[in-house]
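In the two assemblies presented below, chain A is common to both, partnered first by chain B and then by chain C.
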Partner chain A sequence: MDTFIQNSISGIAIGMVYALIALGFALIWKSSRVANLALGQLVLISSWFTYGMLMQLKFPFWFGMLMTIAFAVLLGWLIERLALRPLIGQPILSLIAVTLGLAYFLEGLTAFIWPQGQGYLPRVFPQESIRIGPATIQQELLWGAVISLVLFILLSLFFKYHKMGIAMRATADDQLAVQACAVPVTRIFSMSWIFACIVAAIGGILISSIAAINYGLVETGFKSFSVVILGGMESFLGCIVAGPIIGICETFGGSLFGSSVKELIPFLIIMIVIMFKPFGLFGEERIERI
Partner chain B sequence: MLKLNNIEVSYLNVVKVLHGISISVDDGVVVALLGANGAGKTTTLKAISGLLRIEEGEINDGAIEWNGERIDRKSAVEIGKLGLVQALEGRRVFGHLSAEENLRVGAFSRTHSKEVKSDLKMVYQYFPRLESLKKSIAGYLSGGEQQMLVIGRAMMAAPKLMMLDEPSLGLAPMVVQQIYEIIQRFNLDRGTSILLVEQNVRVALNTAHYGYVMENGRVVLDGSADYLKGREDVKEFYMGISASGTKKSFKDIKHYKRRKRWL
Partner chain C sequence: MSLPCGTRNYSYNTDMAIIRTKTQWVLFSLFLLALFTLPFYLPSSWFDTVNSIGIIVIAVVGLNILMGYCGQLSLGQAGFMAVGAFTTAIFSQSLQMPFLLSLVCSGLSAGLIGLIFGIPSLRVKGFYLAISTIAAQFIIIWVLKNWTDVTHGANGLDVLQASIGNFVFDSEARQYYLIFSIASLSVLFATNLARGRIGRAFIAVRDNDLAAEVMGINVFNYKLLGFFLGCFFAGLAGSLYAQYKGHISYEDFTFQQSILYIGMLIVGGLGSSLGPILGTVLIESLQKGLTYWVAPWLEQTVTFLPTGFSSGLNLMVFGLAFILILIFEPRGLAHLWSLFKGSYRLWPFSY
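Right, the complex of A and B next:
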């Protein structure tokens, strides 16, 4: 019973961090219907950048964070401007291929600048574990969960009520009609990429301050895909619900079948979900009026 | 006042669609662009609103002036901010957004939230049906409701010139009547100029003050609505009424293609 509770709680906590990264995917999908396959690589490069700022250049913590956010903004802007904007109006497959290319480019770039392959960030959050009933949990994971929850709420409110957020959703529905309403679509796209990169950077800092910075971050990105597919491509609520589900499955799978199977479980879930609910748990169904 | 002077448009630098269109829309007036499929009516609207360039169309020659200012080199967003707003053909609502969110996107370029709020009330006054549906998902509304939503969305931009592309398309005659009454009222209440594209000539000429008949990318005839309604060839070719005033029977239609010369 104790291990059950322990597994659930740590599963939820780690799942919330997956959810955070998944938010970055949903953001872009929500406004431009582009599947961003470079999710894990965005996390990777911003984590290494934080490492560069804090450990190599030895900036104070707050300044390093500021620089990382600035870097994420710049990265998002550049990606949209250089890789995606020339492809506006092209078939969706080319757009996906471009994000795949971007993924390998970013991976190569990080390996080029930080060839050491493993890095550690200073511990941001207190180290002591917290007891919840019979279970203990690392405080860091708890903070990660709280931060994802806060970001989820902020993003949801923004997309529900803010003029810009509503326009972003409208852009996904009809790019021509939205321009007839004087909405600058290019600005919408670059904003969604900037947001996504910021979210990825925050996720990266959280995960890599808990564990280490290494190639595993890219795999975390892959796990976030399963979160997105389970939750529904454009749904923030889907991310925040599906994240913990994936997390729990992973920890239980790990404790039942050993850690080598653990990595498999999210992908197994993807396959099963696609069979029964192709739009995910909270995904928008394609509207067909009869 | 909008003035198109000898506009020529081609798509992808190959297909020439408009061969020198000249039309003008005075302030506060409803003008109808009439004609069959492929005459270039929609292209004319897109040339004005700047949406043409997004679809790889280009204005090769001529000038478009809005109150004396050249606008044919401006982007769609800039033109929209000047108050020239186009409601696209085919009821293109934002399907996954609620009705009210659709209307709010229409007001995107406006900065005073108070005015937007009062305009939202105004749109609900013109279309009471939309108020009761404001929380519904636009993609599930009926055809008439979607058309109302698209027109309402154009109204939300506080347009000085509203361009409506086939508001009657695929709607029941009663709904068409309703929508045209509202368009007329909006024009009278606010003095907004309206440029209509329509295949339903009868309805359009009952609302419009002035009309242009287009064919194969040219304006072949223009005049006041009453003048056009009185022309025999307009009656015969677009309203299906023969010279004697009776509806023409399909039995009598000759089976070869009749050549029409506009004099």
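Right, the complex of A and C next:
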């Protein structure tokens, strides 16, 4: 019973971090129908940037964070402006492929500037673990969960009530109609990439201050695709519900079948969901016509 | 297809022929001659590059059938190659199967695994399918990593070099002939496949699968066939890779390679028989050039960056090439080549 509670709580906490990364994916998908397969690489590069700011240039913590957010804004803007905008209206294959190219480029860039392959950020959150009933949990993971919950609420409110958020939803629905209503579609795409990069940067700082900065971050990115698929691509709620589910499945699978199975579970979930419920828990099923 | 001025076809066969004029025949024969005499004057340090180009061409041709013609994205081509490679390793090593038989078995086993992962294509497409093939890649590699009784995990397996009867392909030049015969056959097969009924059906499915279904094409069968054929070629490539390298482990088949193959295909041109070849040759030679010449030179001249920075160079250059091609020439090098041919044919009269 104790291990049960222990596993569920740590699963939920880890899952919330996946959910945070998946939020960045859903943001872009929701507004521009582009699937960002460079998710993990965005996390990777912003973590390394934070490392560069805090550990190499020795900036104070608050300034380093500010620089990272500024970097994320710039990165998102550049990506949209240089790589995605020329491809508006191109077939879906090109849009997938361009984010793959982006993934390759960003990975190369990080290896170019930070070839050491492993880095550590200073610990942001208190180290001692907390006891919840019979379970103990790292405090850092809880903080991660809280931050992703806050971000989720902010983003949901933004998409629901803010003018820009409403315009973003409308753009995803019908670009032409939105343009006819004089909504600047290109600016909306820019904004969504900028937001996604900020979310990725926050996620990156969270994860890499808990563990190390290395190629594992990219794999975390791949794992959070399972969150996106299970929750449904266009749903923030889906992310925040599916994240803990994936996390729980991972920790339980890991404790039942051995830790090597743990890496497999997100991908198995992807296959199962796509075979039986392809649009996820909260995704909209698209009905196609000729 | 446009023909040179004055060339007319009097029968259906001449109209459908791949090679139609005398000039084309001459050029084609010269090309074949050059291809099959290459080992005589190729410097020995180049064999490695050329042979791996041959192997990768097969995998990319398979990917072209699946992605270029059938329109189903596969981000797991390296995983399917791994299936082929391990099948060859196991069959030729522990079951003592002759090489050609294990080659075919590798293709079939990779194709069957491909069929399983192709099933979702019935219900989903685009990004969903892309993500499910990412899952395929990771699941396959995970199985190869953890099924240690058969695959020996990280230690990997030793593979005998290919042999037919008593003839062992034990030198680089012999390997060259083996690899390039199979690669040529694959290219020929893929070209003819694309021109026939199956290829037409693939193209219909790619362009609009709902419309294709209304026209009476069994979309699911053709999508699965696309997956089977694409993965079959990946299996062949994996099998050749295994016997060429002599030792394989799951670490040889990374997700990055899967992306690289897609990159090669897109740089070369989707949905053309020339594309995979052009893309593979260009990207592979670029890769060798970068690792052998540019990276050491950069390491010496640029001193303000930390040591070892050039490891990211390849990735960066390809990512960039990939994005630029998509933006400026989405139909790839093959399209540029056909534009060149077209303008050359009319030269010096532009219209």
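Miscellaneous remarks
Basically, the second predicted complex is superposed on the first by the 286 of 290 C-alpha atoms of A that agree within 3 Å, B and C clash if a C-alpha of one lies under 4 Å from a C-alpha of the other, contacts with A are read in each partner's own complex, and residues count from 1 in each chain.
The rule is simple: a contact is a pair of C-beta atoms (placed from the backbone, for glycine too) under 8 Å apart; a residue touches a chain by one contact, two chains touch by 3 or more.
If you're wondering where the values come from, they're calculated on a predicted model, not measured in any experiment.
Aligning the two structures on chain A places chain B and chain C next to each other without any clash. Legend: residue contacts after superposition of the two complexes on their common chain; A:Ala70 is shown touching neither chain B nor chain C. When the two structures are aligned on the shared chain, A:Phe267 is found in touch with chain C, with no touch to chain B. Once the two complexes are overlaid on the shared chain, A:Ala211 sits clear of chain B and of chain C alike. In the superposed model, A:Leu157 lies in contact with neither chain B nor chain C. Counting the residues of chain A touched by each of chain B and chain C gives the higher count for C. Touch criterion met: A:Ala167 reaches chain B, while chain C stays clear of it.
Contact with chain C, but none with chain B, is seen for A:Ala103 once the two complexes are overlaid on the shared chain. Taken over all C-alpha pairs, chain B and chain C come no nearer than 16 Å in the superposed arrangement. In the three-chain superposition model, chain A touches both chain B and chain C at residues 289.
Chain C meets chain A in the complex at residues 67, 71, 73, 75, 117, 119-120, 123-124, 126-128, 130-132, 134-136, 138-139, 142, 145-146, 208, 210-211, 214, 255-256, 259-260, 262-263, 266, 270, 305-323, 326-327, 330.
The residues of chain A lying in touch with chain C in their complex are 29, 35, 37, 83, 86-87, 90, 92-94, 96-98, 100-116, 222, 225-226, 228-229, 233, 260, 263-264, 267-268, 270-271, 274-275, 278, 288-290. Residues 89, 163, 166-167, 169-170, 172-174, 176-184, 284, 287, 289 of chain A are the ones touching chain B in the complex. Against chain A, in their complex, chain B makes its touches with residues 49, 51, 54-55, 76-77, 79-81, 85-88, 92-97, 101-102, 104-106, 108-109, 137, 139-140, 153, 157.
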